[in-house]
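Encoded as structure tokens, here's the structure I'll be asking about.
Letters A, B, C, D and E mark the chains in the order given here, with residues in each chain numbered from 1 onward.
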Amino acid sequence: MTLVFDNLRKQYGNNVAIDAVSTRFEPGLIHGIIGPNGAGKSTLINMTAGSYTVSAGSISLDDRKLSGLKKYQIANAGIARTYQNIRLFDQMTVLENLEVCFYPQEVGQTWKEVIWPPFAKKREARRQDACMELLSFFNLQGYAHAYAGSLPYGRQRMLEIARALVTNPKVLLLDEPAAGLNHHETAELTAKLSELKSQNRVMIIVEHDMDLVMALCDRIVVMHHGKLLFQGTPGEVQASSDVQLAYLGTANDIDDIKAAAQDRRAQLGIRTRQRS
Amino acid sequence: MLGTIIQQTVNALTIGSIYALIALGYTMVYGVLRMINFAHGEMFMLGAYAAFLGLSIFIGDIGGAGAFALTAIFFGAVIAVGLVGVGIERIAYKPLRNSTRLAPMLSSLGVSLSLVTGIQILAGPQPVGFPSFFPATRLDVLGGTVTLVQIGILIAAFVLMFGLYMLVNRSRAGIIVRAVSESRPTAQLLGINVNLAISLVFFSGPLLGAAGGILYASYYGIMSPSMGAVIGLKAFTAAILGGIGSIPGAMLGSFILAFVEVAGTALLPIVSGGILGTEYRDVLSFTILILVLLVRPAGILGTPVSEESMVYKREF
Amino acid sequence: MSSTDTTMQSIPRTGRLVPIVVFIVAIALIALTPFLGNYYIRVVNGLLIYILLGIGLNIVIGYAGLLDLGFVAFYAVGAYTYGLLASAQLGIHLPFLLIVLIAALLGMLVGILLGVPVLKLRGDYLAIVTLGFGEIIRILVNNVDWLTGGPKGIARLDKASIFGIEIARPVDFYWLLLVTVFIVATIVWRMEKSILGKAWAAIREDQDAARGIGINTTNAKLAAFATSATIGSIAGVIFAASQRFVSPESFSLQESVLIVLMIVIGGIGNILGIIAGAAILILLPEVLREFAEWRILFLGLLMIALIILRPAGIVPRSFGPERLIRGLFGK
Amino acid sequence: MLKIAGLNSGYGRVSVLEGVNLEVDEREIVVILGPNGAGKTTLLNSISGVAKATAGTIEFDGKAITGARPEQVVRMGLAHCPEGRQIFQRLTVEENLVAAHIGRGGKSFEALRNEVFELFPILKERRNGMASRMSGGQQQMLAIGRALMAEPKLLMLDEPSLGLAPKIIQQIFHIILNLSKSGISILLVEQNVQLALECGDYAYLLNTGRVRLHGPAQKLATHSDIGDLYLGGATEETLHV
Amino acid sequence: KDVTIGLAGPLSGPQAYFGSTWHNGFKLYIDKLNAAGGVNGTTVKIDQEDDKADPREGTLVAQKFCDNEDVVIGLVNFNSGVAQSTLPIYEDCTLPTMTFGSNPALTQQGYKYMVRPVANDFAGALLPAEYALQKLGAKSAIVVNDKQVFGQGISEIFGKNFTAGGGKLLDTLSVAPTDVDFTAVLAQIKTKNPDVIYLGAVMPQLALFAKQMHEQGVKATLLVPDGGYTPDYISQAGHANVQGSLVAVQAPPMDASPAIADFAKQYKEKFGSEAGPYSIYGYVQGQILEAVLKNAKGLTRADMNTGLHNVKVDTAIGHLEFDDVGELKVAPSYLYKVDGDKFTLIGQK
């Protein structure tokens, strides 16, 4: 169960957002995708999930080609995702947000559900049990009957991840799951994500929070200007001079600024006042 | 034959100009507030009634009025309607700015209903004759008959549309309006008075609509409280056809719709061998609208809103 | 920001008073109506038809979040099905229930035929296309004179009868409509609670995210369209049978808009809201009949006021039938 | 020139800031640090009137601006360059500048625009191009240039280095230093602790809605607790060094 | 002892003018009648309702009248389309009506409780066809209609009459009832160059069409039905544009007889405006009612129905009586020509 990008390309008009990216994501590992703003990280996620079409090349899960399928078909093939901006069903309860994920499996018997209430009750109970279990895992059980839109931001992030997990996907794509989370929440998230690591799941995390990425990921793909700049373990990535130059920064840059700042202070002669 | 073609072209251009004046109002409001202002057709109607009121108060007999007086009344009326538009926005739409998209739309339906009945109560429900702002001169152009009114409408409409285009694309006010349409919070943060910008839109849209109403009333020689409904719907259709939110789109859509209508009348019976008569004209227009939208889901010149791009914009 | 304090976030439980009062008033009104004059029964019948239409359209607008301005087309399909199959127009005189069945299937078919091409469109574009579709149907009906009688319509439709019981007086239709509304409302409500209904809600909230969790949105929307069309068509049959006359005038754009308004003013996505909305928009003008034009002005202003004061409708989505039931029977 | 005392603020029922005190002097660069969600953006939003203060006072140039609307605040000379740049994508570069010109300080649009062009030559080059076509760094320059169109006395910058490549970040910091030299006071929100403290004069560290630590930037840079506080270390007291 | 007459017609919306002025004519007569002590001591009350020219509203009003035992006659529905849906209801509750819709089909459905005190469209479309063929020497015609019950019905009849009389019908065109722009249709008509155009529609379309027809240089003579018999037709079209246009209507000229002139004067005094095109019929219906009441055995609906079907009365527009389907035996019909800003009578039947 390996997710494979083969010579992937994405173009918006003349703007090439992803250029000749080939790589493999193995199950059982947590993969990180990092890179500066606009490097094409979200584009990769969006293409994998079917939100964007692929301009050239292909994406496949084992031997099944995903690119070209409709978005919902990709989802039903076992690809689940979260969004860089949280996209929950705000006016539905937390529980319903998860329940609705069973639609593809259960829609066939809607009529039975409508006509025969006991059947509906039984099925609903079964769905809800499964959902509640997951909610407990994310400490969201207390919110089950609240509207998703009314949850605090951090809880919404968790809920979105829970929603992606409900149907036990083969591939889990997380687009900046820590964005907007405070420190405690990030720590909690890190813990939960490492617990979710599983032999039969490919996990991919796009993130700017280097602490989280370095702590969690087994392998990191660095994107730059739509191209694959580097891939390797966290240690290798941090050591790579290419990556430092493009993304993490080098020592020299800092020295330049230091000099300029001193220059300014000398020129203005500001004497900073202590405040209460 | 040539005469008929010329004739029909002029007819289509005239109808198209009037549609365009109204369609622009729909498009501007939509561009800024993402709202369909169903009361916009009534601005068109109010324009005619305001001008009529002006005429009967200040002039009485149009025959004796000088060009200056007529121009003054024209502008007085359209400005008055512009102000009404601003007032309506403040009362009926502003409280709903953060509501669902459906709410201001339905509020505008309420406004529309109130205005139509209000005028019915004040001025009577029946159609009233409207004096022509233009002398009834006819010209013969290569076998086609063109009236001075038609030429006047064409010129007036193009001048107004050009003015609007310049306003929106070249003037500071226009740039500010476009900025507000893109992001109200950011505009506010930059010191732009968002309410003023929205008011400007609700001033100029109704103003153009009112101008359309006066031109229309003097072209057809008639006005009625319900005159905004049908034409408003057509102009709205035109705006959608061209891509709502786009100013050139509104104009293009209007002229296309007008040409389709004229062609529907002139050619449908011939093309279908007499099976489909002129009564199927609107079926033809709507069918073309639907076909265009199937190929271009955001209209001819509209910018398609792709799935994730809205998210993208917020993020970046 | 403690994350365990959640009880306040939950949907509040209902006090029992409101549901009980609503229930008693409803039962009283239902029981009293047959004893009123025929005129009042006719007004109530009109109300019930609009409620039926509202319930149908609400599936598309309130549940799936698609603005459909051409709903009246399905209403016309049903009405003309009765007009053609139970009159001298084609010399066909089928029994009422059979026509209901045929109209329901036909309505569903038309709903799907319309749905397949247009459901790709979003928001306002969907609105104008459905509007155009409604107009196309009306114009066709007005112009294929040989079949529909054109503007003259079809007069002297057969009296309806069910299992030999003639349905002709206003009070007969009252009972027929009441039963129909009850059955349809129950089915629709159960659909809303089913997994399909949840998918509709997801589509309404965020279509793309809904696709992202594997919902085939086209199919789910088609189901909404088809169900809604079926209900519209059934309402049309009953309407035609009670008027015993059909003509294109009854299927104007204004009717579609009226139904949308009913839904939004009453409480979008909520069957109880639709009843409230219909009551205001259908009964109020009748009550204010004396005031001629002024009543329409009043209605317009009231609409604005209601939308501003209660943007979520008179009866909010959260006060749905289940809340009523819960309030009545405890728990 | 900016003085905030006891500020509580948030969005609707969500309360974010609690008892924030903060001051910016003439020509100073004051840095606000803090982890994600600390309330830095909310603080700037409260100053410029987007988020509503529920308690406390904000004073600018000796006048209270608590509760003022954003456009009033900008007109007093306090410009806000928002997080995430927020440039108008559908406008050209020059139109972005036009929209932001409110004619506050009396300079003509042309004069101001030319100053901005001088500062950011790339903007002059791209003046008639769509803003959306520019790279992230260029967009950030446009965002700063746009804020300068208001002729601010105090410029608030919210994470100007967000998601930019290091080279560009360096450039942005040079620009900030130059602006300060030209006499504009700066309130800078940054996640990039090292660089910000290097450039700033005074710094505040915000976490979970409170000021946890403040002091002269140079001192803060070497302060032992900073890492701990940054990660939400458990003091209830506000420390200063 | 008094009786109530139910009046239903369009009182709001674009047709309100026709409905209310027609009802006013009736009120004028009834007020006089009541002031004179009623008929044999019976005074007449009026229950006036708005049908909005909408069939659904019409049925509600119909039911309201049916339910009200005091209502013994309905003076109903200006529009044939509305009458179509209300007549079955009146029939069911045996409430006799004087129906005003002029579509011929109304009397062909076997209703026993209706009479029509106005010429139907057979009459309305015969006179103009004959006149066009014989007096104007027209050889060819084009028929345009608005695809409404009335407009389509009457123009079909005109077409039949015209061909039956030896003329040639070049084309039948339709416009939408909400159209205001006929230039495209007119440009097509111009290529066929007909001698006359018959326009089956209502105001304001009649005026708009006439105006544009003239402006577009179409030379044919325009014939229009009864809706055009209003000063608005001339003023809204602009009188230069309607000169020579022919209007067929059931109503006599206001100076046709002293009785009518007197009526016009009274109307103006009472309501402050000129009488509407159908006001005289309201007045005549008052006279019919008086005659019915005078000879009635009782005041039940059945009595009224018998009375209506057997009435023989001299009215402001002449002698009226009904045949067994409720149609006027001799239906007065007049043809006018627009001359200056007036209608001059050029033919009658």
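Convention: a residue touches a chain if its C-beta (ideal position, glycine included) is under 8 Å from a C-beta of that chain, and two chains touch if they have at least 3 such contacts.
Here the structure is a predicted model, which is why all the values come from computation and not from measurement.
S.K.: Treat each pair of touching chains as one step and give the shortest count from chain A to chain D.
M.R.: Shortest path length, in steps: 1.
S.K.: With chain centres defined as mean CA positions, report which chain is farthest from chain C.
M.R.: If we average the C-alpha coordinates per chain, D ends up farthest from chain C.
S.K.: Just grab the chain with the largest centre-to-centre distance to chain A, centres being mean Cα coordinates.
M.R.: E
S.K.: If you average the Cα atoms of chain B and of chain C to get two centres, how far apart are those centres in Å?
M.R.: Chain B and chain C have C-alpha centres separated by 32 Å.
S.K.: Averaging only over C-alpha atoms, locate the centres of chain A and chain E and give their separation in whole Å.
M.R.: 74
S.K.: If you average the Cα atoms of chain C and of chain E to get two centres, how far apart are those centres in Å?
M.R.: Using C-alpha averages as centres, the distance is 37 Å.
S.K.: Centroid from C-alpha atoms only, then distance chain A to chain C, rounded to Å. What do you get?
M.R.: Whole-Å distance between the two chain centres: 42.
S.K.: Give the residues of chain A touching no fewer than two other chains, as numbers and ranges.
M.R.: 37, 51, 83, 87, 152, 154
S.K.: What parts of chain E, by residue number, touch at least two of the other chains?
M.R.: Expected reply: 12, 147, 174, 176.
S.K.: Provide the list of chain C residues touching at least two other chains, using ranges where the numbers run on.
M.R.: 1, 139, 142-143, 208, 293, 296
S.K.: Which of the residues in chain C end up touching chain A in this complex?
M.R.: By the definition above, chain C touches chain A via 1, 3-4, 6-7, 9-11, 187, 190-191, 193-196, 198-199, 201-202, 204-206, 208-217, 219-220, 223, 317.
S.K.: Mind listing the chain A positions that touch chain D in their complex?
M.R.: 15, 36-38, 152-154, 178-186, 208-209, 245-250, 253-254, 256-258, 260-261, 263-265, 267-268, 270, 272-276
S.K.: Could you please specify the touching residues of chain B with respect to chain D in the complex?
M.R.: Of all residues in chain B, those touching chain D are 172, 175-176, 178-179, 182-183, 185-194, 313, 315-316.
S.K.: Taking the complex as given, what residues does chain E use to touch chain B?
M.R.: Touching chain B from chain E are residues 12-14, 16-17, 147, 171-176, 178, 180-181, 183-185, 187-188, 190-191, 203-204, 207-208, 211-212, 215-217, 232, 235-238, 240.
S.K.: Touching chain A in the complex: which residues of chain D?
M.R.: 14, 21, 23, 25, 27-28, 35-38, 133, 135-136, 162-167, 169-170, 173-174, 177, 180-181, 194-195, 198-199, 201-202, 207-208, 214-217, 231-232, 240
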